[in-house]
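Shared chain: chain A. Partners: chain B in the first complex, chain C in the second.
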Partner chain A sequence: MGSSPPPGREATRVRRLLGAAAFPALFLGLVLGMAELPEFGDPASPASTHVSPRFIEDAAAETGAANMVTAVLADYRGYDTLGETAVIFAAGLGCLVILAAAGGRPNLPAAGMSHPFGSVILDAATRILVPVVLLFAVYVLIHGHISPGGGFQGGVLFGSGLIMMRLVWGPAREGGGRHPDVPAFGPSLRGSLILACAGILGYAGIGLAAMAFGGEFLNYGTLPLGSDPAHVRELATLGIEAAVFLTVAGTVGVLFDTISIGMRENGVPIGSGRGPGE
Partner chain B sequence: MVAATLTEGIAVLLLAAGLFFILAAVIGILRLPDFFTRLHAMGKCDTAGLSLSLLGLALLADDPAVTVKLVLVLALVALANPTATHALARAASRAGVKVWRPGEPAGER
Partner chain C sequence: MAEGHLISIGLLAAMVVTAACALAVKDLLTAAALFGAFSFLTATWFALLGAVDVAFTEACVGGALTTILFVSTAFRTGRSFD
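Now for the complex of A and B:
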């Protein structure tokens, strides 16, 4: 995107004509396809008569996940969830490209808030709250097997904990550490990006590993993690959820840092002013 | 039986006290003149009201695990709520939100 030289007038016209021709064709195809779909919520549709009962009856025994949503999300429809995770990752990248690089200063190490916003009260409370938030995020991730939760929710919580540190303690310095009194912890913008990449690569990697051991892509049953297939699937599902967790948490960090750069460059003071009585 | 009734009585008293403080917070948000006074009503009364209600519910819970979880939520609220109020007030003060003085008309809602 944007790397090719600007096309000539003729090329632009051809492109517009192609777009104008493709749009109605695609639209018509989608409308025709929709007419063939079963009625919304139809109890006689194939999804209601074949797919749902199968999930309800066999999910716990086949996947080892008591939470059926997790079984469907991370196992039966793992391919779908890989796409969703990629969309979240792409959203983070899009934000980075538009807000950070478009400003002409894609200076990754210096990104984020310019000054800490913290006060003594905020600093003390954050020191207690951040570890609790981060730990609870991991709890939500692991608990996704038996209750509502999982990688997406846990990842957002983890990212919120990172944002809290940014808000109170300011930007991560390249050498680690953000405030003289505060121990170095939490990724920089570059670190958040690496986290997000590691998540999506880990997800696809688990799928490829299943192929390497003779199964289909993302069909975890073949992984050599034990003799009980349901237990193997349970472990692989946890791996998938952890990968989603990393991507979501990293993307949340990327979003916060790029948005705060955008605000800083537009002259919105972020934690830079001095209030009365200070 | 007597002990159970006593526990229930204390729980009901705590819940009633909690509801009183939440009501006070609601009235404060609606009636006080500017951002800082409204924040003051919300920060103090919400924390007190929620804490008392949670204590009452913790007494009523049958399952000890639920009691422990409610007490943990209570600790989180008691820490996070005043901190958030402080952060909001600090941000507003830095952004130059005007402080209401007696005799002036009420600020924007």
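Now for the complex of A and C:
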């Protein structure tokens, strides 16, 4: 920077050389660091000896969840998961505020794609696939105690099902979809937003309810849902998972609807002056 | 164990190739599709390591959802990157 030649090609070359030197050094450092890591699955490694045995031995008896991942995410570390859910919600809100304003169409119920990718084959495939996807999403949510899954994965699956309907049948409109025989399925942008809000408020509400009954925030053991503490925790965890499900599904709907506002409208996307087909 | 190692190495090599291709191509739609392939390889590798929950999330979010969002964004901003 302090030398006399004008900035331009010289500066670019120096930067490239620096990059070319830094990359192998970083690569070598990472490889050497990796060699120091314990063997995968080593029972004597710090990760396997510190807190893991406590969770492995007591999680099922304490929380009623056979899937330890769910027990940790929704119960032991419920506060972390509340933060993650809030981050996802905030991402959806940010997308809504920035893109809906940039698109100049903050007309909430009518937002979304202006034209569907309609065809007979897509229509028939969607009719078969979407009910299965939505049902599987709810199964993943409810079965998260026992098998891999839970509110987050179920919510994403549910949102994907909604997006599939949007792609093929167009946006949810007041008073019917594109075809007269296809009713408007799925929530509008406003509906998705309400779902997401209900989810995050429900999560915080369960935490506050635990406080109201004399426990700590998100310590579900005090909730008056029965006499067996593990069963109470199981029910509360299911409530938490359902709240995460609503937040994620709603946010997915908000994200897709705001990103696709005015998609294919006049073939001129915002910002670039290039058409989508170029 | 040896077979597991071979599958791991194959998956990791394929991940590096798809990631490099996603960075190299100019067409954003192609890049989005390559990112989707990368996510599915990652999910397979997570499942191989025994982290089934993480693999499930990666397959849902990385493979399906972000690919859709990337494609939507590519349509919104113009498809070519130069």
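To be clear about the criterion, the second predicted complex is superposed on the first by the 205 of 278 C-alpha atoms of A that agree within 3 Å, B and C clash if a C-alpha of one lies under 4 Å from a C-alpha of the other, contacts with A are read in each partner's own complex, and residues count from 1 in each chain.
Keep this in mind: contacts are C-beta pairs under 8 Å (C-beta built on N, C-alpha and C of every residue); 3 or more make two chains touch, one makes a residue touch a chain.
In this text the structure is predicted, and so the values were computed from the model without any measurement.
Participant: Looking at A:138 after the superposition, I want to know if it touches chain B, chain C, both of them or none. Which is it: first, second, both, neither?
Facilitator: After superposition on chain A, A:138 lies in contact with neither partner.
Participant: So, A:255: does it touch chain B (first), chain C (second), both, or neither?
Facilitator: A:255 sits against chain C, while chain B stays out of touch.
Participant: For A:230, select first, second, both or neither according to whether it touches chain B, chain C, the two together, or no partner.
Facilitator: After superposition on chain A, A:230 lies in contact with neither partner.
Participant: May I ask you to decide whether A:197 touches chain B, chain C, both, or neither, giving the answer as first, second, both or neither?
Facilitator: Neither partner.
Participant: If we overlay the two complexes on their shared chain A, which of chain B and chain C does A:125 touch? Say first, second, both or neither.
Facilitator: A:125 contacts chain B only, not chain C.
Participant: Between chain B and chain C, whom does A:60 touch in the aligned arrangement: first, second, both, or neither?
Facilitator: It touches nothing on chain B or chain C.
Participant: By residue count, which of the two partners contacts chain A more extensively, chain B or chain C?
Facilitator: Of chain B and chain C, C contacts more residues of chain A.
Participant: Could you tell me which stretches of chain A are touched by chain B in one complex and by chain C in the other?
Facilitator: 273-276
Participant: Taking the touch rule as given, give the residues of chain B at its contact with chain A in the complex, in rising order.
Facilitator: Its residues touching chain A are 76, 79-80, 83, 86-87, 90-91, 93-95.
Participant: Once bound in the complex, which stretches of chain A touch chain C?
Facilitator: Its residues touching chain C are 40-41, 67, 69-70, 148-150, 152-153, 156-157, 159-160, 163, 252, 255-256, 259-260, 262-264, 269-278.
Participant: For chain A, which residues count as touching chain B in their complex?
Facilitator: 117, 119, 121-122, 125-126, 128-129, 132, 273-276
Participant: Within their complex, state which residues of chain C touch chain A.
Facilitator: So the residues of chain C touching chain A come out as 49-50, 52-53, 55-57, 60-61, 64-65, 68-69, 72-73, 75-80.
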